[in-house]
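The same chain A turns up in both complexes below, where it pairs with chain B and then with chain C.
Coming up: the complex of A and B.
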């Protein structure tokens, strides 16, 4: 008897394939769309209108509301003095803005932002720019763990060292680390690019689905299904352009960086799965 | 990325390349090269103005926007609505992915910033503060 394929076996058991369709919503681009650069509900701000305020005596909620109030008044450049490592500052800003923190931030700074350019002169705690969508965040000193967790887009730059699990679950964007990163950086990475100019800790890129990690220093070891890839001319040109924007460069040149990609051995997709689940559950 | 593939392979074929894909009858992964980084070509005039308006130095988050192919049609994935937005019929596609990606970025920005974007309607209906 000829060997049955997995699909045939499943059919005999009463399970039938269920083609997973795409997620097309039947929405079409309109060629006559107006050329707007900002969302209709965004604050209309002017980069030349500058506001500064000292937050020593303010709570984190008051600080975030003050930033929003200034944006609503058209301030496009805002300087926050003495943030004192308070947590959750500069979060949820869905606007173009030049935002400066003169000092350090605590946990979850600049999370969920979409558009602003943020400069932090000090350090940041855990989960800086978590779920960031677009814009730039530049930290002059060091950062804590889960730096750029689940980032979707934009450039997140730490010129110093960062902790473990950098870019965990990242789904886009570019994370650039001027120094070293801790263990499990790029864990479950799904897309996007991570550039580490110094050394990378243990289990780099563990269980990554996709995306690219470039390392300028030594790698302690690779995680499950992370493999070395071939660095191309396109990679080199992109790295040189991107690093130059932030005044950084690879220690031995972009060409000599190590490129890490997914081995794609953990990819387990099966269109029988939905039906199987229905029968089991 | 180093491997050159037919730019129209997701439009002309079913995308079932590997044995595993043929077995399950389904393409695995994105219907574009998710790891393709932009090359040196300048952005379109519209995108150049958008980048300047935002105060950025490059494409920023748009580096992750590509022309994809969904159900045999060129389309762009809009993360804000978690769905594909189809490219207008009749639009002539360039013969390389980098130029196609640039068109996709421009179309997506115009759509996201328009009043008819679903997120604008949701925002009006549900915004709490």
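Coming up: the complex of A and C.
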């Protein structure tokens, strides 16, 4: 068989659907197109300009405003010390930015972001990175439930364990979990990829419309309309490449992971006309 | 929404009153209507500690005779305790309508509880050798100050901040609930039980009483009923996971243990910190951080999970 072109490969893997994900994911990355990655309101920041501040005595509103103020002054690397599990930190950042949280976040951390690279040394509460459009969020410890709900793009990585309903309603991007996840992970998933290196709780992929879930450990049971798919060479290459970026490995190798896809027996977006699909997604 | 929290020191006493106040105050945004504490001091097997009220806070704004009525109710409580052979050794008045008694009694505890609660508007909030249950309207800081809980020393405690959704804003609907008529068992809950009435009727047919229409009270009575029928705490809680319908996370405390249970959907939050010395649980990590400001490792228990720790 003739060698597949990169475009054919990506289509075979379903990667073309990624174009429906976050704004900056719609455009192939090239340095000369850097302006396409900036929101019209984005600040021009310098990654070598670093700001640090301790937020022990600050409210969540004050912290978010301080991050914005530093970005407006051109700081491209910001370190937030002692966030103390406060809620809704680092939300709504539509900017290129290296953002570090030294500690843990509460609920709704880093929601609605488009562009920043975030690292969190502690844990995150419920609904981390909800509706994330692009960028990366890497959590060193555990995460709560509804991790990455409705994300549309970017990489969301938790190196520890994650609660229930991980990636519920996700529409693109990648969620990577170093440990286990709880029940109903991938519930109503529509696009994107989820990688779970540990065990997955019950009803995995329940009512998923599309997208792919890879599991390295045991699956308690599959949800409605979630079925096992065949791991291909392309899957293996994608997994190895993606996991290596974050210093992770599949416990028994990428080839031995279990791949879960939609059985498409339930009502599915693919029943819609293309224009309707665009409107819905 | 409601917020719940629990804390247990392993093998020692601590500033449980101050710690629980701090945790619950950090959860105030989850429910400002009322706050409640179930705190466990050093058990005295020879004495009973009883917390009870003779009126609701809102009753004070009604009519001309409420003060005399409260005095009359309290006098009736005293008379009935004496009639049943209880010897009151200490009497504290926490508020105009709430009292704390320490007394000796070796008779039938259920009979005593029923006899006292037969007095109009008298409700026993807790009865036991170690448990002291305090609940009132307002946030945790206010209730703690009102009842002088800041100095309370004990091994463990659970607490609740309430956002009233399905029953009134009053003390009888506030958490925690004492598991009538059992010594030292208390419950706090975040969630909704959708098979409340059916389960309540089944328990009422077995002779249990309900002081409110709050579904959280059902959990306390259910757990107490299961323990009376021979289950240990963990077995009772595991059974409840399958018998209760709805979304819930709840905590149960007994004289020497603390347990948590989460429904099969894991729809209500709970964050857990566990070390060799202490276990802390709360609806939000920010509550745990109010006691442990340094960096700690926490995690969410999973769906259908039940855990029990000993003090």
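In this text, the second predicted complex is superposed on the first by the 228 of 281 C-alpha atoms of A that agree within 3 Å, B and C clash if a C-alpha of one lies under 4 Å from a C-alpha of the other, contacts with A are read in each partner's own complex, and residues count from 1 in each chain.
Keep in mind that, in the parts below, contacts are C-beta pairs under 8 Å (C-beta built on N, C-alpha and C of every residue); 3 or more make two chains touch, one makes a residue touch a chain.
All of these numbers come straight from a predicted model, not from anything done at the bench.
Colleague: When the two structures are overlaid on chain A, which partner does A:173 contact: first (chain B), second (chain C), both, or neither?
Modeller: Touch partner of A:173: chain B, not chain C.
Colleague: Please indicate which partner A:155 is in contact with in the superposed arrangement: first for chain B, second for chain C, both, or neither.
Modeller: So A:155 only meets chain B here.
Colleague: Which chain, chain B or chain C, is in touch with more residues of chain A?
Modeller: B
Colleague: For A:98, using the defined touch cut-off, is the partner it touches chain B, chain C, both, or neither? Pick first, second, both or neither.
Modeller: first
Colleague: Could you look at A:123 and tell me whether it touches chain B, chain C, both or neither (first, second, both, neither)?
Modeller: A:123 contacts chain C only, not chain B.
Colleague: According to the stated criteria, A:211 is in contact with first (chain B), second (chain C), both, or neither; which is it?
Modeller: So A:211 only meets chain B here.
Colleague: If you stack the two complexes on chain A, which partner ends up touching A:85: first (chain B), second (chain C), both, or neither?
Modeller: In the superposition, A:85 touches chain C alone.
Colleague: Once the structures are superposed on A, label A:245 by its partner contacts, choosing first (chain B), second (chain C), both or neither.
Modeller: first
Colleague: Between chain B (first) and chain C (second), which, if any, makes contact with A:111: first, second, both or neither?
Modeller: After superposing on A, A:111 lies clear of both chain B and chain C.
Colleague: Return the residues of chain A at which the contacts from chain B and from chain C coincide.
Modeller: Shared contact residues on chain A (touching chain B in one complex, chain C in the other): none at all.
Colleague: Can you tell me which positions in chain A touch chain C when the two form their complex?
Modeller: It is residues 56, 84-87, 103-104, 106-107, 121-123, 125-126, 141-142, 144-145, 160-161, 163-165, 182-184, 201-202 of chain A that touch chain C.
Colleague: Which residues of chain C touch chain A once you look at their complex with the stated criterion?
Modeller: Interface residues on the chain C side: 264-267, 269, 271, 284-286, 288-289, 293, 295, 297-300, 302-303.
Colleague: Going by the contact rule set out above, which residues of chain A touch chain B in the complex?
Modeller: It is residues 5-7, 17, 19-31, 33-41, 47, 96, 98, 115, 117, 133-136, 152-155, 172-174, 191-193, 210-212, 230, 232, 234-235, 237-238, 241-242, 245, 261, 267, 269-272 of chain A that touch chain B.
Colleague: Within their complex, state which residues of chain B touch chain A.
Modeller: Per the touch definition, chain B meets chain A at residues 1-2, 20, 23-26, 28-30, 34-40, 46, 49-50, 53-58, 60-61, 63-64, 70-71, 73, 75-76, 79, 81-88, 91, 107, 109-116, 118, 120, 123.
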